[in-house]
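Below, each structure is written out as structure tokens.
Common to both upcoming complexes is subunit A, partnered first by subunit B, then by subunit C.
Showing the complex of A and B:
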């Protein structure tokens, strides 16, 4: 995994796929907001996609597990599954912090 | 759902697969509304079988399907099934099949906490709803185990998935790769309790054979054997080999062999319809000619003939038979006679059998000729060959097809023993052999056995002429049947004797004639003398008559 600190001007575009208001989905959204506020304050946007309402997107975006977080920007695309309760892995997965 | 047979009305409802032979083995198809596991090693045909189940469901049984593939993209899958003659893209366009490629890329996935596979459920639900699917294929769900690390979660999710599929009421087919010591690598069989089909691809003596076995099928009787199957341009064909037993219907109808004098030897009428005929003999004794006669005769009656040639190409066979006055070509053109030539070593015995089965089902012939069956022995052991022939004969009899097999016996073998010990299966056995006599080899034919008819016990010489096979008259000499020039000599001798006799008779007749003439002359002169003595006419007349009568 390449080490890459988020550079100051970069825009972060994150999309969280959920299925209804499940506890896991709610937890994931809360955890995501926390991480973003801590590390990406002011330069991130979160889009929540409820697959119950837009099932077609599950196919189009190749979603299997719920919740799934997709980092659309910056490139390259990254996928994280789970409720983001493991902050360490979330940061590594989003490449906010270099992996061990 | 229509049941296959009324006897099964009480058993599980079934979803017919439409796969040739599979529905027979399973007694009507896969359990309807339940999951079925198809497992096997790589390249054994799991995906194709699942795909054919789905596509045939959509095409033939008006049951739309959803294909969830984890391994191949939609395009790849479409290409693969195109080789079986199916247009998957068209079916997708027509909303008969929904296709979803679920890509699970382990390198892209970082697990950060609790999750479930709700995304997969959403997609499955969407796919099912988009076409109103009654059938679902998951090929192969084990790929998930490569993508996610939380095995315990995966297992509980798969269990939930199967329950969900059952609740949905869809007939599902799940494929799984065969593992060490278990049917599938991830033990999927423990989730699928209703029907498990195991596919296998084995190579014996460099000949590969695909086989299928139903490991379990809850709540229904099913064939338990291993059944060979074939994948070709028309899809999968499974051969149900369990012979039903000896309960074939019999026919009293007789079919001419195409050689009138041979018919005469066979009780005057020829073979029974639906019987099996074996023509055995050493090389060059005219087996193929006899077979062609029968083919020609049947075609003349307008009955379809399937000629399986394992030695000659169709063109060669037709050319050779033309030289003895049998022209099969017009019949081939009219598709009354179909000649199928293949090398026996092309594939294993079972494959031949599957292929023969398939051709018979499609062509529906009244007569099948296998020329020669002995070549099939090269494709397997004698035991296998016997088993295969038993199945073949059984199958043909059950369809009331008259079968003629030729069998090449090798010099040195006792001619009356076929290497394959199939004599008990054969109803009429003709033996053609060389007869060496007087420094010549000639062809002789006799009926070794012929069930259910009075048949000749004579050894008959026959000639292969430009008008076909001709059976000669029988001349039995002190050393047995006379053949060839000895027969000709005997014929000549008999002709000479007859001539001599004729001469003698004629000589005798001439002698008699002469005597009579002499007598008449004498009587004449006597009566003339009486006239001269002046006796009256009536008296004279009387006297003449008396003299003549004397």
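Showing the complex of A and C:
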């Protein structure tokens, strides 16, 4: 992995793009909250952006598939597409855990 | 060529491309694993969200169980979707309704009104017309614009025949009463009394004015 690992104690700013209450959107939010509570308790914030209400917001983070999670902070920006059901992949994708 | 000879600009571009490739690969993986149920399509800031079938399955189930007819139509009045209740109202098999002109099932003298109503499609607007059943009989209905999106209007069709809409209204009022019953505030009791009074009025209306 070429990017730096975030250091412990950093604030995590996460944005989850959803499509209303679609099953995958709900699953992604549930899985994300679980991961955050277990690994980032007390130092994360999740912003949910419902693209059904305002699809124009998809442009900001170049969203093509939903759900998509964007790690705004710590930098660099990272995107994870899908319902985050694979916890290991989510942890590595968010760089909470180093990749193999 | 060794890494030491790559200039920094090229290395930066290479890193950007690598990241974009990883993201594209992640989209492909998520799609093939069935982890997404919607896509943003359309150019630039004019994108819109397309839901995959399963994503609106729950809403579709609700629509199918509704006591009202539901129809989604093009501005020209072509039926794109109808629920079973609407098919039952006009006595036509559901499969025959898709892509059929809605006006086929509207009484001739009401067709112009319905066409104009669909073209305007102002949300929450209503019109009372008569539908023509397959057997030639007509039924009075109220058509309401429930939503208008992407040029298509979704219409709710309420049966106004005697014994039809009062029971529908009564169901709604009973549901409100049940909710109010759970609230223990004095205000809730007062509202509930008013709602029950309204239910009684509907019953009286049914007896006095059987045509509605």
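Observations
Convention: the second predicted complex is superposed on the first by the 93 of 100 C-alpha atoms of A that agree within 3 Å, B and C clash if a C-alpha of one lies under 4 Å from a C-alpha of the other, contacts with A are read in each partner's own complex, and residues count from 1 in each chain.
FYI, a contact is a pair of C-beta atoms (placed from the backbone, for glycine too) under 8 Å apart; a residue touches a chain by one contact, two chains touch by 3 or more.
Bear in mind that the values here come from a model prediction, so they are computed numbers and not experimental data.
After superposition onto subunit A, partners subunit B and subunit C are found to clash with each other.
In the superposed pair of complexes, A:82 makes contact with subunit B and with subunit C alike.
Contact with both subunit B and subunit C is seen for A:24 once the two complexes are overlaid on the shared chain. With both structures placed on the common chain, the touch criterion links A:90 to subunit B but leaves subunit C unconnected.
For subunit A, the partner touching the most residues, choosing from subunit B and subunit C, is B. Stretch 116-124 is the one of subunit B that runs into subunit C, the other listed stretches 44-52, 80-88, 116-124 or 386-394 having no clashing C-alpha atoms.
According to the touch criterion, the shared surface of subunit A, contacted by subunit B in one complex and subunit C in the other, consists of residues 19, 22, 24, 51-52, 55-56, 58-59, 63-67, 79-83, 85, 93.
Remark: subunit C residues 15, 18, 23, 26-27, 29-31, 33, 35-40, 42, 44-49, 51, 54-56, 58 touch subunit A in the complex.
Per the touch definition, subunit A reaches subunit B in the complex via residues 17, 19, 22, 24, 27-28, 31, 51-52, 55-56, 58-59, 62-69, 77-86, 89-90, 92-93. In the complex of the two chains, the subunit B residues touching subunit A come out as 100, 102-104, 108-120, 122-123, 125-127, 144, 147-148.
Within the complex formed with subunit C, the subunit A residues making contact are 2, 19, 22-25, 51-52, 55-56, 58-59, 63-67, 79-83, 85, 93.
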